[in-house]
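Look for subunit A in each of the two complexes below; its partner is subunit B in the first and subunit C in the second.
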Partner chain A sequence: MSNSIAIINRSAPYGSSHATESLDLAMIAGTFGQDISVYFFGDAVFQLIEQQKPQTKGVKNLSKVIKSLIFFDVENIYVCQKSMQERSIQLSELCVDATLLSNDDLKASINKHSRIMVF
Partner chain B sequence: MPLHIIKQSPFDSPSLAQCKLTLSAGDAILFIENGIYCLNHTDSELQKLAENYSLYILSPDAETRGISNFPDYVTAIDYEEFVKLTIEFSASISW
Partner chain C sequence: MTSFTLLITSPAFDSQSSHTAYEFCSAALKLGHKIDSIFFYHQGVTNSNNFSVHHSDEVNLHQLWKSLATEYELRLNVCVSAANRRGIITEQDAEEIDTTYYNLDKPFESVGLGELMTSMNASDRLVQF
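Moving on to the complex of A and B:
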């Protein structure tokens, strides 16, 4: 298995620092040309909502950060279909065109990677 | 007649469910921080709750998270109104 990284996000965008830490890692890995995929499930699907407008200074707008992942060669972005349905979020509300995966496809896709990290 | 403040997402915490067990007539519920996500959770049954209790949502926290178009039975408030609420009610309980 080639040296590939799967980053699994399961935290809400602004409740903790998990979200920003995970995206920082994705950008760094992308910069170094790593084969990387980013997964969003659970409350992390809220990170993908387009209309975010953080009120306090110094808080990064996560939807903008996620939209910039493409410039770091991070193209494989997946989102869990079940988590989206549970939270009544439509694909059209997302800030990037992420690939929607069912639970089985999610498992299969994640397990293709040699390193798996959860935030 | 306390003001119940829900600050955790219903998807990874039972805050709202447990709060419901303690509700009595005249109480109010305010959603802040990740509690905003209760609006996206079908089990919250906010419409039913709204029949007996007044429901509020802190609009800066909702805007941060890109959650908008609230149902009419939830009142969006800002920080000033938040303070007024805490004075109006006998106590504030954070969940």
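Moving on to the complex of A and C:
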């Protein structure tokens, strides 16, 4: 198995630094030419919402950071379908082209990677 | 023998995970495995804070890491951005912001995230705590 990285996000976009530093890591991994996939589970799906206005809270808008991932060659973005349904979020509300996966497909997809990090 | 890169993202004092990482690291070394690099990121950078002061009957994880690194010549890499954001700075950082004090010193090294990619690719396994 060649080295490939799965970054698994489970945290809401704001209220902690998990999302910010996870995305920093994804960008650096992309810059270093790593084969990388980024996953969003649970409240982390809120990171992907196009319409977010956190500037009033004194933090960066993470949807803009996520949109810029493509410039760092981070193209594989996977989202937990169940987490989306539970939060009544539609694919059209997301800020990037992401692939929705069922729990079984997520498991199979993540298992293809040799390095897994969770934030 | 297996070679490991350890990624530590949990805080030194506020959670058990960093201490578990230390125990994992000690056990792996005693069994003859190789630790290519220990990389402190996110809240894990607090492990490198030289200014952490503990009661005499408490575990001082910062000192434990230092002793282990000296004994086994380990690389204790600390992400510079994550550390600086949390007020953990090297002597060079201190000069740049015109202050006298610094709290990140050898055997901890302030490095970029690229170091994590390099060591991770050289290791058989990555383990996150």
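Note that the second predicted complex is superposed on the first by the 116 of 119 C-alpha atoms of A that agree within 3 Å, B and C clash if a C-alpha of one lies under 4 Å from a C-alpha of the other, contacts with A are read in each partner's own complex, and residues count from 1 in each chain.
What we mean here is this: a contact is a pair of C-beta atoms (placed from the backbone, for glycine too) under 8 Å apart; a residue touches a chain by one contact, two chains touch by 3 or more.
Being a predicted model, the structure only gives us computed values, none of them experimental.
Visitor: For the combined arrangement obtained by superposing on subunit A, do subunit B and subunit C clash, or do they fit?
Guide: fit
Visitor: So, does A:55 touch the first partner subunit B, the second partner subunit C, both, or neither?
Guide: Only subunit B; A:55 stays clear of subunit C.
Visitor: I'd like to know which partner A:46 touches here: subunit B for first, subunit C for second, both or neither.
Guide: After superposition on chain A, A:46 lies in contact with subunit B alone.
Visitor: Given the touch rule stated above, what does A:91 touch, subunit B (first), subunit C (second), both, or neither?
Guide: In the superposition, A:91 touches no partner, neither subunit B nor subunit C.
Visitor: How many degrees apart are subunit B and subunit C as seen from subunit A, counting from C-alpha centres and rounding to the nearest 10?
Guide: Spelled out: centre of subunit A as vertex, angle of 100 degrees.
Visitor: With the two complexes superposed on chain A, say which partner A:108 touches: subunit B (first), subunit C (second), both, or neither.
Guide: Touch status of A:108: no partner.
Visitor: With the two structures laid over each other on chain A, which partner does A:70 touch: subunit B (first), subunit C (second), both, or neither?
Guide: Once the two structures are laid over each other on A, A:70 reaches no partner at all.
Visitor: Touch test for A:17: subunit B only (first), subunit C only (second), both, or neither?
Guide: Second partner only, subunit C.
Visitor: Smallest separation in Å between any Cα of subunit B and any Cα of subunit C in the superposed model?
Guide: 18
Visitor: Residues on subunit A in contact with subunit B in one complex and with subunit C in the other?
Guide: none
Visitor: Over in the complex, which subunit B residues touch subunit A? Could you list them?
Guide: 9, 11-12, 33-34, 37, 40-42, 60-61, 63-68
Visitor: In their shared complex, at which residues does subunit A touch subunit C?
Guide: Result: residues 3, 5, 17-18, 21, 24-25, 28-29, 31-32, 34, 115-119 of subunit A touch subunit C.
Visitor: In their complex, what parts of subunit C are in touch with subunit A?
Guide: Residues of subunit C touching subunit A: 7, 9, 41-43, 81-82, 85, 112-114, 116-117, 120-121, 126, 128.
Visitor: For subunit A, which residues count as touching subunit B in their complex?
Guide: Of all residues in subunit A, those touching subunit B are 12-15, 42-43, 46, 49-55, 59, 63, 86-89, 93.
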